[in-house]
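There are two complexes below, and they share chain A, which is joined by chain B in the first and by chain C in the second.
Let's look at the complex of A and B:
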């Protein structure tokens, strides 16, 4: 996402507010219940020092609290910790280099599938994960999916949080269309979109090459009709009756959109929403904070509500948040210290202040953090609390692999939807083309 | 006079040391002097190029070393409509943009070659689109073509009232293709115009004076003096321009990312998209390698078609 000058100012204001919030949060951490569980024995190697890479912050307090937590670890154990913050686009490549050369940082917090790609190069984290799970009420569904090796109970990654993109809508417009909130079923939802369109307050979802928003919307279209890209065994399953049905639905849906969504990037819906041109879309919490912190758009923020994406035919809102996934490399000379640090960061004394500092940009992976102060700080942010309860993931329903990441980066699902929406292909043709492209990524090697 | 004095008078040259003899030995000198240049070329040119070509024959991905797969990547590309689409658009983009750039660039060069007030200032201003970093101008065009906030749509809809809906610049295939070509032409004209202006200024005014005395029309002067004299520089500039345009990346990536639905992918953007964000390094390299035949052909064509006069190759004119 591009940071415009306007929302940069907004963010720094939010940052200052959060600094004081973070201090209070330390005290609030006790509100998180923690069961007594025996911690794994991790004798820290003598003379250990650690280096970690993680993605750059959304908001300044994220970095401040994270560094403070690491400093506290140094204080308690004497282990020096160096954390480098890396641009989001670069972290995948840096992880690849680290894994392949066997040199560099001891641990990396990457995204989604990373630990599954480099599984041979990683230290297993089962003991720490099981301890944390017992202590904090269990790992949520998305965390289990991204943390455990496929089909086993062996943990290779420790999810740190997830950032979802639920519906963002103008309450006044939805109410004027005769709905209290957007309906969960396809027919009702389409009816709402049509009414919004005729009231000249249209909805809009990205159908251009937008990594976050485009894939989020395309996945919703297919998943909410019980379609999926990959079968459980890892073969391609996109060319199905459910997909055709979903694409036919999309076609009707697209007719109600604001013009131009075929060329929308990740920031387009934010801009259109902030200028009263688009009245219902899907986005992360950043849009709401940008509106709230700018006096010019505060009225829009007050009229804004969030809701998890409509379920359609699925049993849970079909959304797979972008997940932070920490891994420890075998080449680390101090694996115990590395595991101890990750465990320390996920304990309530450290994790809850960090969660609060993030204002809801990241949602927790462990059940008991649902009681964290951040989710009651602003009722409009509360919906993000359940991001990691989602049973959907990138590359649903197959094993998590680099192939699913490649299909996402290559916009296979987005372009299938866009081809149908633009009338360039019939749903059948589009599904076949998506199948052909996906088969290339998911071929056995 | 004794023989010994004669010996004293013979000036003896000191035997040069082994090192000095080594440095006087021509083959050694040649090698020593070439070594830095060869080293630099090998490190920064041959190695990356060779690695790129090697990767094209493997199935390397980001995160996994590949194995040699021979021509498999190329076979897949030949069956991949996305690749054919990128080939088509790369050729189309290069052809249309080059014709427009040279037509308009030549015209601009002829205008600038006249005696105008503030001549040098004007020439400096003309260069601006070319001086501005491409990404900056691409972002400007990205805003100009924005479906909601385009200044052109604003003018037509809100100010002039000629239209009721915003113009769909980059939301469907053909408008998006031409929008990108327009941006490329806007950016490329100054390079062509200034290069051709330099060529125009090397033409001796006496030729024009002689032609005027013979009663030539201005079209005849252009056709029989300006154009032939300009051909050599035209060939060079066109070669460069075709290479720059065919391998263009920034404009397309910043404005459309190859969308909508891949209709504006150039080979360069497709290669990057598949190789880096998509992680399929081998296939991305294969797409990049597949540009080489086109570039070689374009270079040979513009060079031999336009620069075949003997005197340009150092021989006497017929």
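Let's look at the complex of A and C:
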């Protein structure tokens, strides 16, 4: 190709832009405070190669930066790293196969409680976790909950980030209903929903078997009334006065919803919100960015605001983010190399650019990353910053275990709520049935 | 039509109208035949129609049913097809899927033919029970089998290769094909084989020269069945293949085109549409054989 003067100017501008972006990312990373802490001694095995499986990207830069970080690890250590991306719904099966056959990748970044299900097959990560905690101001509450084995200080997973599902609403509609923002108390919140319904701008929350949105909403309904699935000791506690009260509240709420929420999956509220059918829902930041990036829906994005889920009777917004949780398998021939890679990826030079690339979809697990530039890049994203400070987790408030994972996978809470909303059961019947189902999981383990 | 019916039919000539029974009025035919047939067609074809329409719809129309007709496209676009073919590894996934489907189909057909023939014709002691046992194996759900199979696949060193699928798909293909072919072989007159035996033919010669040529519709039927199931299979493909480049179409389009809770419906439907074409084409070539094998078999 003949290089004209205009081309040359264009090329050098592009190169400069790329350099500037890389330099900017590095400069931003330096803004993250890091204490001097002795790194664990991890002599990398000779001839080590690594294979990792992780959930598919949210946006393309997520994958690009993640791969670039792994390539940098290869450059520095000579360890070849291969990363494969798997659909979100499919990573659980892949993890089950890997754990049960003792074959496949050396490490998997799974979701939430995965390491607790396969704890016997995993390498302990306490040394790396303690080092990172000391260096970056400590692990946040949700990270500690998902990372440590229950009742111990032994780390079996390294949380990489968490995606919250706060309220997403149309500011114009909420303002027109007479509220500056959705109220934190149950009565005020219900009043807003009723006003939105009468203005033909209804709210909608998933009541179908939706992994993220369905569980998120059902948990909010119960937790915001101080109810819970299991007690601290792991005994089932769902059939309580608080749960009945929550389900009665849900009945009133459901009457204000857009029709069809009983069959909503994770994607349904995105579509309804993007097509002006639903004006208030709960979702991750993906919905906002999908709206913002499409010229046809940019106006909706401009009118969109986020807010943590109303507290109700709880002292903290009841929300447990979907958490990325990395684990290293005992079948790996190179456990030190695997641990070194995870540690490398969570160091500020790698982690902060990755956090920025995700535009706020994943919130950091380590305190000092709260100063990351991503949280000031767009004021509408700032609400996601403290996702991992939440004192709630899936299976609250019992120990995270195979039983709590099974109860979530069987949608015990979601189906209890759906049974009441649809009129199929009274709140009392639904709570009893949920108790019976939950006892099947928690009794036998 | 039986001989009696032929005699009873008035004006049995080339120009005669199709016979109409007393009770077979036009209105009755509409109610009993055409309306149910139409409903049946609508139910069967609507998903394909929806898939096609979505594949060519721009996103603005896709997400706004208030302004745009959900059943029609105002301004069709090839963006989704372009994205699928040029921004993902779709052609490669298609090639892998084809390789896996063809190989596992051939493997299953060979094994099923031999199994069905021996069970039906050799009639060794306990052959009936073997036939029943093979069929019962078909009833074991793949979701139960995938973990033990994964262990074997790993021990054989086939994990994450197309051979993992080529060798595991026959676990559910062979039982059904064998069962189907047993039924088909049963319909082929045994006298033909007896004649061949008297003439000194061996069992393999009989199978190759007499039984198989007569059983072509049955083989095609079993082939279509195997190919379709292999093409669409999901759970083994998900469990045994982890590398992005070795995935089959049903798994790969979900991984690439569903990012979190953002579904790229246009590209997903384009992927499903293009992915269903090979099966439809394959089926259209052999539909007559397929129907005859399921309905009539060989007339004695």
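Note that in this section the second predicted complex is superposed on the first by the 421 of 445 C-alpha atoms of A that agree within 3 Å, B and C clash if a C-alpha of one lies under 4 Å from a C-alpha of the other, contacts with A are read in each partner's own complex, and residues count from 1 in each chain.
Keep this in mind: contacts are C-beta pairs under 8 Å (C-beta built on N, C-alpha and C of every residue); 3 or more make two chains touch, one makes a residue touch a chain.
Predicted, not measured: the structure shown is a model, and the values here were computed from it.
J.: Once chain A from each complex is brought into register, does chain C clash with chain B or fit beside it?
T.: clash
J.: A:422 in the overlay: touching chain B, chain C, both, or neither? Say first, second, both or neither.
T.: first
J.: Given the touch rule stated above, what does A:271 touch, chain B (first), chain C (second), both, or neither?
T.: Touch status of A:271: both partners.
J.: Please indicate which partner A:96 is in contact with in the superposed arrangement: first for chain B, second for chain C, both, or neither.
T.: A:96: touches chain B and chain C.
J.: So in the superposed three-chain picture, is A:409 touching just chain B, just chain C, both, or none of them (first/second/both/neither)?
T.: first
J.: Going by the contact rule set out at the top, does A:59 touch chain B (first), chain C (second), both, or neither?
T.: Touch partner of A:59: chain C, not chain B.
J.: Regarding the shared-chain residue A:209, is it in contact with chain B (first), chain C (second), both, or neither?
T.: A:209 contacts chain B only, not chain C.
J.: So, does A:143 touch the first partner chain B, the second partner chain C, both, or neither?
T.: In the superposition, A:143 contacts neither chain B nor chain C.
J.: Looking at A:357, would you say it contacts chain B, chain C, both, or neither? Reply first, second, both or neither.
T.: In the superposed model, A:357 contacts neither chain B nor chain C.
J.: For chain C, which of the listed stretches 40-48, 76-84 or 148-156 runs into chain B?
T.: In the superposed model, chain C runs into chain B at 40-48.
J.: Identify the overlap between the chain B-contacting and the chain C-contacting residues of chain A.
T.: In chain A, positions 89, 93, 96, 100, 271, 275, 277 sit in both the chain B and chain C interfaces.
J.: Which residues, counting only chain A, touch chain B once they are in their complex?
T.: Interface residues on chain A, with respect to chain B: 89, 92-93, 95-96, 99-100, 117-118, 207-209, 211, 258-265, 268, 271-272, 275, 277, 402, 405-406, 409-410, 415, 418-419, 422, 424, 433, 437, 440-441, 445.
J.: Help me check something: in the complex, which residues belonging to chain B touch chain A?
T.: Per the stated touch rule, the residues are 59, 61-65, 76, 81-82, 145-149, 165-166, 168-173, 176, 256-262, 273-274, 276-280.
J.: Using the touch rule from the top, collect the residues of chain A that touch chain C in their complex.
T.: 53, 56-59, 84-90, 93-94, 96-97, 100-105, 163, 212-213, 266-267, 270-271, 274-277, 283-284, 286-287, 290, 294, 296-297, 361
J.: Could you list, by residue number, the parts of chain C that touch chain A in their complex?
T.: Per the stated touch rule, the residues are 59-60, 63-66, 146-147, 150-151, 153-154, 159-160, 235, 238-240, 242-244, 251, 254-256, 258-263.
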